[in-house]
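Chain nomenclature is as follows: A, B, C, D and E, assigned in order of appearance, with residue numbering initiated at 1 for each chain independently.
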Amino acid sequence: MSQARARLLRPALGLAGLVVLFGVWEGAVRGGWIQSGFLPAPSSLGPAWLDEVRSGAWVQAIRDSLTHYLTGLVAGSVTGALVGLLCGALPVLDGLLSGIVRVLRPIPGLAWVPFAILWFGLDTAGATFIIAISVFWINFYAAYGAVRAIDPDLYEVAAAFGHGGFWARLRTVVLPAASPGVLDGLRTGIGQAWMSVVAAELFGVPGIGARMMQASSLLATDLVVVYMLTMALLYAVTDMLFMLVRRRLLGWQG
Amino acid sequence: MSQARARLLRPALGLAGLVVLFGVWEGAVRGGWIQSGFLPAPSSLGPAWLDEVRSGAWVQAIRDSLTHYLTGLVAGSVTGALVGLLCGALPVLDGLLSGIVRVLRPIPGLAWVPFAILWFGLDTAGATFIIAISVFWINFYAAYGAVRAIDPDLYEVAAAFGHGGFWARLRTVVLPAASPGVLDGLRTGIGQAWMSVVAAELFGVPGIGARMMQASSLLATDLVVVYMLTMALLYAVTDMLFMLVRRRLLGWQG
Amino acid sequence: ASVRVGYIPVIGSAPLFVMQGTNWGHEVGVDLQLVRFQSGPQAIQALISGKIDAYVAGVLPLLQARAHGADVKVVASAATEELEVVARGDLATGLPEPPATLTPDALRQRLADFTAKAGHKPKIAAQPLGSVPDTLLRYWLKAGNGLDPAQVADIVGIDIDAAQQAFLAGAVDGAILREPALTIIRHRLPATRVLASGHDLMPGQPGSVLAIVNENAPDRAAWKNAFVSAFVKATQLLATDPEQAAPYVQQALGGGMLPKAIIVEALKASAGGYVSDPGRIMEAVGKLQDFEVESGLLRKAEPVADLFDLETYRQVRP
Amino acid sequence: MARRETDSATTADVVVRLENIGLSHDHGRSFILRHVDLEIRAGEFVALLGPSGVGKSTLLRVIMGLVPPSEGQVTLQSRPAQAHRPAAMVFQDAKLMPWRSVRRNVELGLEGLGLNRAERQARAMAALELVGLADRAARWPRQLSGGQRQRVGVARALTVEPDLLLMDEPFGALDAITRASLQRELLDIHARRQGTVLFVTHDLDEALLLADRIIILQGHPAGVKGDFMVGPRPRAQESAGMRAMAGRMKRLIAGEADPGADAAYWQASEI
Amino acid sequence: MARRETDSATTADVVVRLENIGLSHDHGRSFILRHVDLEIRAGEFVALLGPSGVGKSTLLRVIMGLVPPSEGQVTLQSRPAQAHRPAAMVFQDAKLMPWRSVRRNVELGLEGLGLNRAERQARAMAALELVGLADRAARWPRQLSGGQRQRVGVARALTVEPDLLLMDEPFGALDAITRASLQRELLDIHARRQGTVLFVTHDLDEALLLADRIIILQGHPAGVKGDFMVGPRPRAQESAGMRAMAGRMKRLIAGEADPGADAAYWQASEI
């Protein structure tokens, strides 16, 4: 009984919070407390969205963005996590790369925009590059940190049971023990990549970000919000799918 | 003896890696393997940097960027960590905000650019806003996750010793146990904020990013790299300062 | 009085830099605070929320601002016939130097040949929707040559600096640019060719203007006339003596990365286009407004005259 | 069970009362504990025995209020006159807070008692002295051996001088000497303060040495299967009655039926 | 020490040899272990006793090769004819891998032995059966009680049938019944396989019951302060010689000087 009630309470509270937010917002716009042009009324979002869907622009923008989002995400995540795991597990490699990492890592993904344009042009390849770069470092550090944070006792256990070699340690300790950290990195990257999508598209690569900038240059704040929410929706969906996978993989965490 | 040698090995390896990187790069540019204009030779960076320093542009750009970097970072980190800790520790607040968080959190920091311009204009305030927003969510989730990951046994211990109330639990368990996670979030934010600095400045807010865009509009790739490295340097310095603080705070982790 | 002026980094904004460099603004009690934007449409976002008091950029974005209820008036024109369409690579091969006007058929053929050869439509960099460059490019293709912009080209709306970089880096095949970008690319890429000159795009094409936000608000009276007067004076200096004006412009544009010779050359190339009388661009603005309404960018055409305040110019005219 | 009612008619001095306690980790599909009734009176030293995994730790956590029982009722009654903590607990695996030094771990229960810093430190150091770890006061928990950690856990509980002290195999990882000395300290403290102690152990000898009363937890789900009163101290461990009782307890723990089960309570107290 | 040399002239059957071992956690400022010399011969069942925190666990980790000694030399010699793991270890606090089910934890040492999945599972289940936890095979470690976790650690080590079995207080958290049954199993296995066992315990009775030889670690830094041979099995625990020896061991553990120290080794083996 109280179990079931508790399970319903959270969504109910969440809904209440949202209702309050949108209510206050609508009221503020209608009541004129917010200067017009500053913020669209929530009620204007629906019609703006419908128009955009009817014109086909909405679906097209999503399709465009997803293309470089997914390519960049996969490329950056896989390489980042891999290099991070290896650096965490191989002190010599870690040492060799430490200088390069120290120099390259702090360069924000967006600072690569000029070179992305130069090397890949104003199209999907350039956008993919920017996305992949910023996702790379997130995954690199998550994986690296996760490996470094492994309880040294676990290596002792593995070594005591014949898994002292590099590959055996990798398989029996490093990968499973680091997996929560690696997955957290993946998840952060999944979010971060949307940020880079916007950035890349601000430079003319077609997609949601480009469409949003178009809307904002025409002062169509309602469309801007529609696209912000679209991005939120896509992120939420990718994140949810990810969490499903994560839960299956990390059942032992309880 | 071997202790001392091991302590020197890593920097030596790191240096070796860097020498190889720059050597190959310089060779590739001089040997003509890289199309000229695609990448400046490392040897051209020094003169370009000196010119920029002499003109005063370098110091000015750093000063401009640091201003909104620091304000945005502090504003976003403090509020983010605070709200995250509270949400992690207070199920009712967590429930109430869960819906709003679900909607707002996935909106990438950069997607707020149109509203940043609209609400704050293209100056320090607008840049600060964008930086603070992206830093906010990183810290929010790091703090929230850290609180959620606290070993429930620790609450049992605290409760068994008279610290069962909310504030007592906060003080004896939540804050110390979450501090590694919160500090990790802060650190991520310190990096992420540089990304947002570039993002905001690519839109013309004066600073390193704007300067970089100006250089890239003239294909002055040497200056672009100088500013990329400048950002790397500033990041490295802020990160190092942070790690000093962190080591003091988390001595118990050994 | 302290006046926040939004501007874009093109030669059309040069009167501001002269005002600042010569201290003419300061002398008449106007303390300029320049805020750089990367396109006109970006500037109107700050304009609509009152973050700037004056605006020096393309005139057309003001139509959007007006449609969203902003009270803004053009008080002076700065430059006309600023924009040119330039091409590189396959899109430029065979174009004559010095440039000659292409017939509509020749243009159609050229774009089609390019598409056939490259496998994609030519990519042409402009500024965001609603900007002067974007609208003029479309106007030229459609009204001037009877081509459907969406069919024959892939127009990307990006920042001014980014457009210049994209063209230089070969990320686009063409671009619609203003000075000093035009001079810069001519020096960097001698193979650059002109697809359409400023005159080809639209005779007397309107460009950068000086507009004042909430012109009739009481605090504006303190500086409006002095500001406009100094602005016009600076414009005249630019039109008549580019050499003298160049140092001020050099400092403000390109952050000191541009050699003075380039600036002088760019200023000389634009000198003939400086026109201060706002009345002289009204008709062209009206045409472009109609075009924007036609293409769905604006909901309806409002009387163009309402956007202009011709009286102030008349009062301060030397 | 009905028998017990009469015995506990004087409810005033009952410190812990469990009524029909049940505990399930899977929403009632299976139970760890079920139908557990138990009363512990003020001043008693009770040992709790039972096979590994039967639910001893779980029962302690229920009594401490750390997990709510799925069924039944727990009533704790502390002497209201006293200001300090009504109950404190020694956990089976110490559970020190890794971010507190050894001394600050011991101080945990003293915070909020209105002591000033110097007093807290003095009391914590005294407790560490008692368990022989005063020289380790400044260390981090990760720098201790297993037995040292356990002793810090004991010091942490003792230092608050609780009315009710719950101890979950507190001496399990200690060598005989250290263990004997701590057992002596514990008995001393108990004699002096007349607090109530509930002591989980798997060592019957330890239970016979320390406890006034021994409770056997057995079964699946677990319930109280034996409740023995042990004679007055000092105890002749080798007495025949004692040996007989110990034998019966062993059989109970092993899960064998106890022939004298019904009479266990009375018999035991007669030894 | 010189005496021992002659005794171990037949080096062929020495499984573990420690020579002048020292261990420091602070780069030699202070030592946990120092000047530890020890030889363990094939087939011996050795118990290691000493007060809490003296360095027993540390010594085991050094022997297992998990921490390099700061001084001295460790030599392990396994019978080369045998293909399986030369050594396995039961850790003091079980140390299960939280992401592996109970059964997969037990399988840890079996992986890489060239067994197929079914064989591995069968052997792991057999070992779990032995420690009475077959019904918990599918659980996660966090769902076990303290003693259950410890038993899984025992099963994990037993299942690889090592030549050298290092056990760090493996039965510390078990009730007497469970403990007795596991002690019996361990002796059985030892009798059957003639492996070598080094067994840390704080329970002298357990040591006397199980071991052929008892080693006392004492001091600060710790060294071997006693080395006793225990008579042949079955052992009359109550024999006078035995009692005398036990008394001496207790005094040694307590850190008191041992009057018969020099003769300890020989005397003990004569019992």
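Remarks
Quick note on the criterion: contacts are C-beta pairs under 8 Å (C-beta built on N, C-alpha and C of every residue); 3 or more make two chains touch, one makes a residue touch a chain.
To keep track of the chains, here are their UniProt names: A, B = Nitrate ABC transporter permease; D, E = ABC transporter.
What you are looking at is a predicted structure, and each value in this text was computed from that prediction instead of being measured.
The chains that touch both chain C and chain D (ABC transporter) are B. Common neighbours of chain A and chain B under the contact definition above: C. By number of C-beta pairs in contact, chains A-B lead all other pairings. Chain centres here are Cα averages; for chain A and chain D (ABC transporter) they lie 50 Å apart.
One inter-chain figure worth recording: chain A and chain C are separated by 38 Å, centre to centre, where each centre is the mean of the chain's CA atoms. Along chain A, residues 37-38, 114, 117-118, 202, 213, 216 each make contact with two or more other chains. The set of chain C residues touching two or more other chains comprises 42, 45, 48-49, 159, 162, 165, 169. Counting partner chains per residue, chain D (ABC transporter) shows two or more touched chains at residues 143.
Every pair of chains in contact is given here: A-B, A-C, A-E, B-C, B-D, D-E.
By the touch rule above, chain A contacts chain E (ABC transporter) in their complex via residues 153-154, 156-163, 168, 172-173, 176-177, 179, 250-254. Against chain C, in their complex, chain A makes its touches with residues 35-38, 114, 117-118, 121-122, 126, 202-204, 210, 213-214, 216-219.
Residues 6, 35-38, 42, 45-46, 48-49, 51-52, 159-162, 164-165, 168-169, 181, 184, 188, 254-258 of chain C are the ones that touch chain B when the two sit in their complex.
Every residue of chain A that touches chain B in the complex is listed here, in rising order: 9-18, 21, 37-39, 91-92, 94-100, 102-115, 117-119, 134, 145, 184, 188, 191, 194-195, 197-199, 202, 209, 212-213, 215-216, 221, 224, 227-229, 231-236, 239. Partner chain E (ABC transporter) is touched in their complex by these residues of chain D (ABC transporter): 25, 49-53, 57, 92-93, 143-148, 151, 169, 172-179, 202-204, 250, 253-254.
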